[in-house]
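This is the structure, below, for whatever I ask next.
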Amino acid sequence: MTKPLRVLLTGFDPFGGESLNPSWEAVRRLHGHILRGHTVVAAQLPTCFGKSRARLQTLLKRQAPQLVVCVGQAGGRSRISLERVAINVDDARIPDNDGRQPVDRPIVRGGPAAYFSTLPIKAQLQALQQAGIPAEISQTAGTFVCNHVFYGLMHALRDSPQVRGGFVHIPFLPQQAVAHAGAPSLALETIVTGLATLIDRALARRRDMKVQAGATH
Amino acid sequence: MTKPLRVLLTGFDPFGGESLNPSWEAVRRLHGHILRGHTVVAAQLPTCFGKSRARLQTLLKRQAPQLVVCVGQAGGRSRISLERVAINVDDARIPDNDGRQPVDRPIVRGGPAAYFSTLPIKAQLQALQQAGIPAEISQTAGTFVCNHVFYGLMHALRDSPQVRGGFVHIPFLPQQAVAHAGAPSLALETIVTGLATLIDRALARRRDMKVQAGATH
Amino acid sequence: MTKPLRVLLTGFDPFGGESLNPSWEAVRRLHGHILRGHTVVAAQLPTCFGKSRARLQTLLKRQAPQLVVCVGQAGGRSRISLERVAINVDDARIPDNDGRQPVDRPIVRGGPAAYFSTLPIKAQLQALQQAGIPAEISQTAGTFVCNHVFYGLMHALRDSPQVRGGFVHIPFLPQQAVAHAGAPSLALETIVTGLATLIDRALARRRDMKVQAGATH
Amino acid sequence: MTKPLRVLLTGFDPFGGESLNPSWEAVRRLHGHILRGHTVVAAQLPTCFGKSRARLQTLLKRQAPQLVVCVGQAGGRSRISLERVAINVDDARIPDNDGRQPVDRPIVRGGPAAYFSTLPIKAQLQALQQAGIPAEISQTAGTFVCNHVFYGLMHALRDSPQVRGGFVHIPFLPQQAVAHAGAPSLALETIVTGLATLIDRALARRRDMKVQAGATH
């Protein structure tokens, strides 16, 4: 009997006064889809320090996925952001959904300063661009719950090199952008297609490509 | 025999190195649609000083529309921009599609410095926002071919108060934004729905609403 | 007996919660300076619709200047902005210092839709750039009190072609930018030198240059 | 005989087509200054992968400083950026001054993914703001030579907890911004005062403050 092949895909509940979170709206539409023989399992995480990581740990144990992509809202960005690195600090500009606002607190006491994504982000960038979907490599996932979950994920996977994981930030949906003067957006369909595209590329390709996508600062 | 009711909707051909122009892609999808009893006639204008205005004049005579909405690409903007005012100057940052690059030349010698749009732009803004489509009032249509056509339109309509007209700028499509680091985009479907929505609102409502949507500078 | 040669240079009082207005801080430092034989007269205008224009009219009569430069704060812009055009509408995003917030009201009932600046803005742009001062041509002065004063100025000067006038927007000072995340600023010294430079250029040169500095949208 | 107290302050040579580098212009003006009993030693690093780190190592040995602040140009940023973290990767968007353009290459093979700054960046942020100087915490120093030097510095200091160090990004100077449409700038005097202020605060205060200055993404 073979082990089932799974992709774990997480989104968050709404925060910061929004009535929806595009990350959850997008990932739930891929729940149950089969991509290169892997079943997508979509799950929601709370936008809370601590709880979100605990929920993610439970999901990792229960689902035993081969690939994990956590997705979060980045209001103000214009494209799908493939995150390169998670850092070991919580520094909350706004309270989380439990009202907690940690400042300069390590996520894992004594943990390394950072973990790199183990997704093939450059190959994913190329796949998105070829599909006509605006995308970019991001050098920071911030210091709020998204980075917290991303660091927690990579810490959990640190001794399981066969399981790859990473984080993707997505823009506001158009209906959210209405209320944020000047903020860019992406249509839900574009985001959903983008997530399917980047998961497909990760499943197709174990090693990343070397394509420059850095930042001078 | 009654006069046919028509909306003239124009877009431009590609310019500035792009292989398509979202304004033409959007308007041609509405060609032949009936909105509140008016047939939409979509037409393409060349991105050329002079020629674009001449073509528009011909269309105005031939189609005798009740409403005119000219649409152009504003690469770098994130939302549908309802233009408030056209100014009497050409000042081209890049050459037009004929290689012409006029600097500080009046569009109509002796014409007024500017014309205001006669579309109900505040009511249209509200309709777009209610439909979940990111939109804004813009205080400048620039000094390139878009403003040139907008000014030309309002000058042509100056003695026909029963015919209303104006200009709408739209963002890049996602596939264009791929090649412009950081540039926002809107999906074609969102733009097409937006144009139908703002035409519908103009046909439904002759007088504009008073809703603040100004700029401090 | 010859008429005294004067430049009228105005700034505004603070608004929008700021404790100073960089336009007044800058212009008052040039009060009494002699530039190409002209004495600079600096005066403060209130950030109020109506009152500001009335005060400007009084100053124009009393001082009988050869050149008028009105200056205002444009928080969020990064450089000295030479305004090209004033439009005949008040549309206030925030209340003025009297608590008034007009929406889509003409500044001069029956007045033209717009007036162009009669300053040699392209020559001034070149002079600023040669002096190492970041500057730009702006195609909109907004729809708040700055545009109101600018339109009022050009309307007052409409029958006095020998008196030239226009409007200049300036960024926040560094100490203001501290409180506005991400907002650019210019040092007071840079602004003061910039204003002296652009006044000097206007006095030296009656006709403008033709240098492209337009906007595609 | 007591050991001399020193602050090592580095800047870079010009790169990317610029004729000067504001980091070198600023740091050289502080060379020889005495701040809280420490002599500032300013030194220039080449904008080259490898060579810059080697030069820094030599300086650390020769000068044996108590505090090290490396400074670099961040064209497009509007304020003094106190960098939080250096990551172990070179990914060059443009060639360095030796024409080298590494892609996704670790700076130190087998080194940790990242190091945090050991400067009291929150206390420095507060000091700058109190002095009226626009400043911010930055969550990424990019992936070019600045991050390379920053990572190299923190790696070199990893076993010397008594020596603190970190990295500061600064904007263009006004004369540079002239050639970069829309780019913000800071006056050289503001930058020099800012650097003196942040060095002073680091010398005055060993432990950092807890003040939120994070990013949601």
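Think of it as A, B, C and D in the order they're written, each chain with its own count starting at 1.
The rule is short, and it goes like this: a contact is a pair of C-beta atoms (placed from the backbone, for glycine too) under 8 Å apart; a residue touches a chain by one contact, two chains touch by 3 or more.
Protein identities per chain, from UniProt: A, B, C, D = Pyrrolidone-carboxylate peptidase.
Owing to the predicted nature of the structure, the values given are computational and were not obtained by experimental measurement.
The chains touching chain B as well as chain C do not exist; no chain touches both. The chains that touch chain C as well as chain D do not exist here; no chain meets both.
At the interface between chain A and chain D, two copies of one sequence, more than half of the residue numbers in use are shared by both copies. Centroids of chain A and chain B (each the mean of its C-alpha atoms) stand 38 Å apart.
Between the Cα centres of chain A and chain D there is a gap of 30 Å. Taking each chain's centre as the average of its CA atoms, chain A and chain C sit 47 Å apart.
Shared interface positions of chain D, i.e. residues touching 2 or more other chains, are not present.
Across the whole structure, chains are in contact as follows: A-B, A-D, B-C, C-D. Those residues of chain A lying in contact with chain B across their complex are 78-79, 129, 132-136, 174-175, 177-178, 181-187, 189-190.
Chain D contributes residues 16, 72-77, 81, 84-85, 87, 89-94, 101, 103-104, 112-116, 122, 139-144, 146, 169, 208, 210-217 to its touches with chain A in the complex.
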